[in-house]
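Two complexes, one shared chain (chain A), two partners (chain B, chain C).
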Partner chain A sequence: MSLLERLDIIDRRWIFLLMALAVSIPIIVSGMTGKTFPESATPTTQTAFDTIESLPAGSKVLLAFDFDPASAGELQPMAIAFTRHVASRDFDMYFATLWAPAPPLIIETIKSVIVAGHPHMVYGVDYVNLGFQAGNESVLKVISTDFKQSFTVDARGTPVTSIPMMADIKSTEDFDLIINLSAGYPGCKEWVQYIVSPTLSGDHGTELKLVAGVTGVQAPQMVPYWPRQLKGMLAAIKGAAEYEALVNASLMEANPGLIISPVFNEAQRRMAPQLFGHLLMVSLIILGNVIHFSRKRAGGTAVKALRSTP
Partner chain B sequence: MTRQIALIITFVSGFAMVASAFFKPVEHWGEDVAEWFNVLAAIAFVLGAANLAKVHLEKISSRSPGWGYSGLTIFFFTFTFAVGLMKLGVHPMDKFPAVAMSGEKDAEGSAFWWMYAFVMSPLTSTMFALLAFFVASAAFRAFRAKNVEAALLLGTAFIVLLGRTFAGVVLTGWLPESLSFLRLENLASLILEVFNSAGNRAIIIGIALGVAAQSLKIMLGLDRSYLGASN
Partner chain C sequence: MSRRALWSLVLAVALVLLAIRAFTGPGMGRSYVSDQQMGFVQSADGVWEAAPDGVTPTISWTAELSVPPRVFYAANAKDPKQTTVHLSLSRTLGLWAAAFFTLAILSFLYADNPCYKVAEAAVVGVSAAYWGIVGVWDVLVPKLGGALLPLYTKAHFLPSLTDVTGNWWMLVPLALGLMLLCRLVPKVASVSLLPLAFVIGTTAGLKFISFTEGDLLAQSAATMKPLYVERLGVDGALDLAMTVGASLKQTLLFVGVICALAYFYFSVEHKGVVGRAARVGIWYLMITFGAGFGFTVMGRIALLAARFEFMLDDWLWLIDPSGKRVVALTAGAGEVLGQFAQIHSVSVW
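Let's turn to the complex of A and B:
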């Protein structure tokens, strides 16, 4: 049996082992050395960063966390980077979600970014956690005209009417920017359809700005909305790494002595296992095709040999 | 009669949504219907739980294959529900230190939080991460350039796989500025933003037209499949 024939019937557990090594070794090395690959921002990421940078002081930003722990690997680093960027600009932050498993992820983000890095910020004045609301896109339909009709209390059960920073919020049009982290339905597409698109007709005064962070699976479906409905988009962990690098560079420029905590480099650290995982995939596909064509050639030769036999 | 009531509710709700989108004076109709939906969505949680219990209890009762898993589902569903409802391990709020269960059910340290952080979160992440292994195995066995279309797909996959990592920079970063459009990262962006956008926009428009036609059929009662098999 030739080498190619042996490879053709290889036990798939060897492939699993190779993938485990391709992912785990870079994680360990990157964790030990703290080194990451340099990132240059693609246009979709750069426009997301520029949109936040262009907001005036005192802007109100709604952060919608529409994802669950299954997709947190891709989206949680984006959530942290977005929150960090918005908090560093001292904007008012409103956290909400249409996904039932998301509230603990909001709490985790608030703890790691706002409570740890911006202790001067006051709950209810600088940021508020509005928690989960059931109803998918119908919630969006309602909050597009009457925000407090759907979100009547915050995550702690406090009526929103007694929260100071909610006083000026009547509908989603009162936000200067919406940031959506989306892993599926309901998510970015619904925010585009029900919240942003109606404001593009010109009847509602100013156009509402939406920036999104989406999973790799969703990115191809959401790119058609960029740059009109979506002002910027982070696509998968690569987009998160690019955005993280932009935010870190911007903060270090403002504070040259700043030490970046590993939690704020998480997406960039995940690019190393992604690189080796992708290289393994490409190698496996090439090897699979080499085997396929060599077998086809051998089969063709055999057929010719049979035909030439008298 | 039941069927006719359902058809009337469908027509009125659908008409209100369509009218609210096109006529500004009746814009609030859409909000009213959306509110009805929100109430129904909350009730749907109860119905969903009841349905889950019914399906799995039936499986256990008839001892159908895999009934043990149904037993586990019922047990953990009831357990999680009880933990959340009874606020097990919840610390009192700072405002009301004397009230034992005044804190949030999913606050750090509570039993519900523990189950989320140490059971649900790692389990769902693991399930998602397993995809990498199966995709690698499937790519090796099935991703073959058997014809021109498959070869094009293969080429696109290579560009995107390499262009979305540092490999793209290493392999094609040396190209001069005049040929920078040929760098793998730029080609990957080009595929995503031009070819993919064009194809997806066509699909989105097609789906939108299909949804509009289907919605009209449902509103007018021409398509009643949503009412169940007997209708």
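Let's turn to the complex of A and C:
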């Protein structure tokens, strides 16, 4: 039996093992050395960064965390990077979600970024956690005209009418930017359809700006919305790594001598396993094709006979 | 040696190594917490506020805030007898349970087994319970109870309820909800079709407008643009390379839309020009599917990497990429503890 014939009938579990090694070895090496690959931003990521940079001082930013722990591996690094960027510009931050499992992730992000890195920020004045609101796109439909009809209290149970930074918020049009982290439904598509698209018709004073971070599965469906309906987009963990590198570089430029904590390199660390995982995947696809065409050329008799052997 | 015996041996060796790792040296898979006293007093206008220093709080409790191991090391280095930062048995068990369930799910890649079944059942059970609780506390109590029995709901279930005027219109969704439950009784099951029709009609109406506005019109407008796209350089002169690139991109987009539409146009036989356009359309679709597959692979590898990082970092303590166990990484022992005390002195939820 030739090597190709052996590979053609290889147990799939060897491939799982190879993938495990391709992903875990770079994690171990990167975890021990702290080294990451350099990242250069693609246009969708760069425009997301530039959109936030272009906002004037005192802007109001709504951060909608529409994801859950199952997709946190991809989206939590984006959430941290977005929050760091917005917090570093001293914008007002409004956290909210349409996903029931997301509130603990919002709290984790606030703790690791705002409370740890910006202790001067005051809850209710500089940032507020509006928590979860059930109702999917119907919530979006309501908040597009009356924000406080859906979000009546914050995550602590405080009425929004007694939260200082909520005084000027009547609808989503009062936000200068919306950042959406999306893992599915409801998510980026619904924010585009119900919140952003109605403001593009010209009947409204200004077009609402939406920047999104999406999972790899969603990314190809969201690309057509860029750059009109989405002002910027982080596509999967690659987009997160690029954005993280941009934010780190921008913070280091603004604060010479600043040491970036390794906590804020999470997405960049994940790129090493990505590289080797993808190399393995591409190699397997090529190998599979080589086996297929060589078998086709040989008439497939040898392998067929082998497969029929009990 | 049979395959089963070989794998049993591998598993036994792994368990022994795990036991050695867990109970010798710095150990592994431990979760630490920092105790924080919470105290509140009620002001004259009924608002609960954090009790100032020296004031005995009306209600108080001890909150356990999760901290990385380096905070425990730092606290112990400062005062070996301290008890403020300590091992949390419940969180440690939770961490080990997370590790077990991760391995149990991954074990399906080898073969179906009882550990996988246990993990699968746990996921289903926990999800059902979680969504049940969400349904009651985020929908039924605030939206239905709060609207129909506002004072009772505020007094017994939801002290934060702001609007206590009530809203009798909520009897309509209550009635529709009860009609949906008629599905469970065969004799009156047909009654459930009415609320179902209401839900389908409302959803269709909402979706129709949003897809027309957000996808059909906006996307069509983005496609109907001149094929020649002029790009100017920083000096204001024509940038030929950028202009060619942008025009080519717009042309590819236009061709792609027309050809993909031709592929899905079945009123004319796919022959001649239409056939060739449809063939190009198939290529565009294949490239789209390929991009989708590539992104999916990226997403799945990212999730796998996140789980592996959890196993190697949080559980096995083999790597420490974010400095959870390195005291010297950020500051001295006292500073680390002070930093965390400062962080946790502010409640964020």
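The rule is short, and it goes like this: the second predicted complex is superposed on the first by the 299 of 310 C-alpha atoms of A that agree within 3 Å, B and C clash if a C-alpha of one lies under 4 Å from a C-alpha of the other, contacts with A are read in each partner's own complex, and residues count from 1 in each chain.
Keep this in mind: contacts are C-beta pairs under 8 Å (C-beta built on N, C-alpha and C of every residue); 3 or more make two chains touch, one makes a residue touch a chain.
Because the structure is a prediction, the values reported are computed rather than measured.
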{"item": "Fit or clash between chain C and chain B when superposed on chain A", "value": "clash"}
{"item": "First (chain B), second (chain C), both or neither touched by A:298", "value": "neither"}
{"item": "Partner chain(s) touched by A:290 [first = chain B, second = chain C, both, neither]", "value": "neither"}
{"item": "First, second, both or neither for A:132, with chain B first and chain C second", "value": "second"}
{"item": "Chain B versus chain C as contact partner of A:152, first or second or both or neither", "value": "second"}
{"item": "Which superposed partner A:16 touches (first chain B, second chain C, both, neither)", "value": "both"}
{"item": "Partner chain(s) touched by A:249 [first = chain B, second = chain C, both, neither]", "value": "neither"}
{"item": "Contacts of A:197 with chain B and chain C, given as first, second, both or neither", "value": "second"}
{"item": "Partner chain in contact with A:228 - chain B first, chain C second, else both or neither", "value": "second"}
{"item": "Touched partner set for A:279, first chain B, second chain C, both or neither", "value": "first"}
{"item": "Residues of chain A at both interfaces, chain B in one complex, chain C in the other", "value": "16, 19-20, 23, 70-73, 101, 103, 107, 133-134, 138, 141, 155-157, 219-220, 224, 235-236, 238, 274, 277-278, 281"}
{"item": "Touch list for chain A against partner chain C, complex", "value": "13, 16, 19-20, 23-24, 27-28, 30-32, 34, 70-74, 100-101, 103, 107, 110-111, 114-116, 119, 123, 129, 132-134, 137-138, 141, 152-153, 155-159, 161, 190, 192-194, 196-198, 200-201, 215-217, 219-220, 224, 228-229, 235-238, 261-263, 265-266, 269-270, 273-274, 277-278, 281"}
{"item": "Touching residues (chain side chain C, partner chain A) in the complex", "value": "109-110, 130-131, 134, 138-139, 143, 159-160, 162-163, 206, 210-211, 213-215, 218-219, 222, 288, 291-292, 295-309, 312-313, 318-323, 329-330, 339, 342-343, 346, 348-349"}
{"item": "Sites on chain A touched by chain B in the complex", "value": "12, 15-16, 18-20, 23, 37-38, 40, 42-44, 68-73, 101, 103-104, 107, 133-136, 138-139, 141-142, 145-146, 149-150, 155-157, 203, 219-221, 223-224, 226, 235-236, 238, 271, 274-275, 277-282, 284-285, 287-289, 292"}
{"item": "Chain B residues within the chain A interface of the complex", "value": "24, 27-28, 30-31, 34-35, 37-38, 41-42, 45, 104, 106, 108, 113, 116-117, 120-122, 124-125, 127-129, 132-133, 135-137, 139-146, 154, 157-158, 161-162, 164-167, 169, 185, 189, 192-193, 196-197, 200-201, 204"}
